[in-house]
């Protein structure tokens, strides 16, 4: 079996490469249908996650319907830390697109907003923003971003059918939670009490990060002290609980069998099909789950990560993403980008986002309401938000200090490679390095 | 690879052109042949590299930098993952380059012998080189899945309970090394094949006249005369192994936890975290380490190179 | 008859060895490839099982269309970009590196040690991304195809020079001398006499570097950003997020972007074999 493409093959190849070399790159399939005078095209950069792309394209479409002169072209980048680097590289080299989506809180501060972003302080829509959100896109008293998407809860998604079948009650303390797990394990060996998906490492952090409401309920000044290098995960009895919980679930054998290799879609599948009972995760994944398993809108509920004290139990919140305009956007494109930003931060923008997929939680814009058919898991967030002191922002929105290796450490703790206490201490080391690199005082 | 074969170069003095002694010697080997290469290389590689050496001494957020002396190097050496990463790097580099040398040579001998389906075998051994690292990473993540992957499925049929290739701390690094060899052995084989066919035919004929057997010919002729190929394979795969990153990142991202971290992945994680000065310092350290291993080795290997 | 065949000069072929080689090649190399193909033609549900099974239904056309159409025909643009990038940068690398490798091997000077060190450094030092972007911006080449081509050339030169230098060493110096006596200047000596003799190593370099450049994703990611500039590996990178639950489309993409290197290899495979049987360096 030897392959001999003949002379004709050679000629074909040569002709092909000649024609290809002659035409310039990227002139194919792009949508420049917005002809005519005054037409502007702006580029919007978002992450390549399925749901984000859908949402961006829906926004672009609805915005174009209202502003026929402006076309929004969606471009994607990888998410996670790889995305962080692309954003930073493009900003620092003056090569950012006209408008882009990026995190709020500590990551927002890391892209030097004062230097790179356009302040939106004077825009009329800023007064309609949620105060909590506004804080996370503010630097030196200037607001820089519009909210994209809704608040997210870092919580436990649970299978309602499993709970009904075994007659379980939503837990408000860790002891109740573990008791439920024991019953699930005994009641049905085919159901994993706790779903863990270390094939995607970020999903391993929720026992720690999602526990922050309980930490701050027990130690109200933890975030402040943490920033000042006075409080540590390993030495704070409340904060170390998150690591201990991660280990406890592994030690008791409550994880799904393939926890080490499973990925987020596997976890969502288990939860939606009732093969797993609890999944500690961000409520942002609900839309994705419902796109694949429509029934999960009714069969999956949510409760906050349980702590020690039932009366203080509450939900840890992540704020929506931010929509920012870099200083490099100019002229007609700048005006168009501002209009797009204002559109996203308006009730019409929220509607457009809800049309693209199930919302992740309440919006941060006044006048935005959730549609009636929101999934059960998102509905379950509302009581926590309505109750005074029933929710708090995650630590990363209250303190610039956040170590980069937490997800590897929680994988180790949750896989039995490292003990909880040791993991917490290792994370404190990691945090120290980050604080030093940020040049924070007191480190 | 500092100075290549000594013998032909000694003869440079005996060329007619070079005999016009003293002052400016006419040579057909004009220095300006270097020029285009040198310009591109200097502008796009050396200048940025030297700039980054400076940044390794700073705390650098891409937006601003502050000179902090050697602090980054101190921090980097305190990095708890580094010791693990360091031993992993050495193990990985030695295992992959050793396997590539041995398997590459064996395959090359096999594929230059009278074997049925030689063309097919040559193609198929080289095939993995053609697939992108990201693609190979995705493919083997699926094949090595402990519960559903076909590797453990096949072992299960044989009654063996396969481990979690990429999820068990004991196996992760070796599994990646195996995939690396799978992907890279085709290239080593190709270099060896090229080396074997460039052996002057007379040598083999002479050996045959002297009545040497296959093994004799292999040991006395192929092995020593393939030395340049061996040197190339060792140097390339060792450098590749010491610097290897893409495959490890595509398959485990250094996990589970930190168990398959190598120096490059530790560096990349610093880079990802936005610690640009620190990660550049890591690059300088990696450069020094690799140079410290490769330079003496390449000098040693080349010094003993046989002349043809 | 290649020289190497003389190693095994015993008459007849070893059928046992051949059988073992072919069977193991199927297990080790063909099955993973077959897995890619099978998964690429499955429907979404079945592909999620990740097993090695015959597809219930063949969705080749549908999956193909889905992948090609995704993100505004990004894959088509990517194929055009990658082809231009690969052809131009590999051509540049081969000529430049052959010239440099030739002089480096032939001419002994006190700079050789230093030059060799630089060549090795190119292999050893990981490129610094941000300073490189600054340089490109100063030159007005950032975000342009020529800029990326030069980058690929710069990063690929070391490997090529190393190979060329090693193979120039196997070309008898007498050839140079004969050409010089015939009155050939440096250029003619190199392009007329030496370059044609480098054929087998040129093929090696072309095959290896085309694959490297075609499969590179880090450099295009940083030095030629933007969807309209996407290269094929970036589509895989983009799709692996977007298609995280659609293994059929992911593997279809892997399959499609593996075909061009495969065709190129099959095309040159014959050249390699031909180059070998004619006795590569016998002149």
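Read from first to last, the chains carry the letters A, B and C; within each, the first residue is number 1.
Rule of thumb we're sticking to: a residue touches a chain if its C-beta (ideal position, glycine included) is under 8 Å from a C-beta of that chain, and two chains touch if they have at least 3 such contacts.
Keep in mind it's a predicted model, so treat the numbers as computed, not measured.
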Request  = Look at the interfaces A-B and B-C and say which one is made up of more C-beta pairs in contact.
outcome  = B-C
Key: Reference chain B; chain at largest CA-centroid distance   = A
Key: For chain A paired with chain C, centre-to-centre distance based on mean C-alpha positions, whole Å   = 38
Remark   = Whole-angstrom distance, CA centroid of chain A to CA centroid of chain B, is 38
Task = Averaging only over C-alpha atoms, locate the centres of chain B and chain C and give their separation in whole Å.
result = 15
Remark   = Among chain C residues, those touching two or more other chains are 130, 134, 237, 266, 269, 273
Note = In chain A, the residues touching two or more other chains are 2-3, 89, 92
Note = Note: chain B residues in touch with at least two other chains are 62, 117, 119-120, 123, 145, 148
Key: chain A to chain B touching residues, read off their complex   = 1-3, 81-82, 84-85, 88-89, 91-92, 110-112, 115-116, 198-199, 201, 257-258, 260-261, 404-405, 408-409, 411-412, 415, 417-418, 426, 429, 433-434, 436-437, 439
Task = Please name which positions on chain C make contact with chain B in the complex.
result = 2-10, 12-15, 17-18, 21-22, 25, 28-33, 35-36, 39, 49-52, 96-97, 99-100, 102-108, 112-113, 115-118, 120-128, 130-132, 134-136, 139, 150-151, 153-155, 157, 159, 161-163, 165-167, 169-170, 173, 176-177, 180-181, 184-186, 189-190, 200-201, 204, 207-208, 211, 214-215, 217-218, 233, 236-237, 240, 247, 250-251, 254, 257-258, 261-262, 265-266, 269, 272-273, 275-276, 279-282
Request  = Could you pull out which chain B residues touch chain A in their complex?
outcome  = 59, 61-64, 66, 75, 79-81, 117, 119-120, 123, 145-148, 164, 166-169, 253-259, 269-275, 277-278
Key: Complex contacts: residues of chain B adjacent to chain C   = 1-5, 8-9, 11-12, 15-17, 27-31, 33-34, 36-37, 40-41, 43-49, 51-52, 55, 62, 109-110, 112-117, 119-135, 138-140, 142-143, 145, 148-150, 153, 182, 187, 190-191, 193-194, 196-201, 204-205, 208, 214, 217-218, 221-222, 228, 231-232, 235-236, 239, 243, 246, 264, 267, 276, 280, 283, 286-287, 290-291, 294-295, 298, 308
Note = The answer for chain C against chain A in the complex is residues 71-74, 76-77, 80-81, 83-84, 87-88, 129-130, 133-134, 137, 142-143, 145, 221-222, 225-229, 237-238, 241-245, 263, 266-267, 269-270, 273
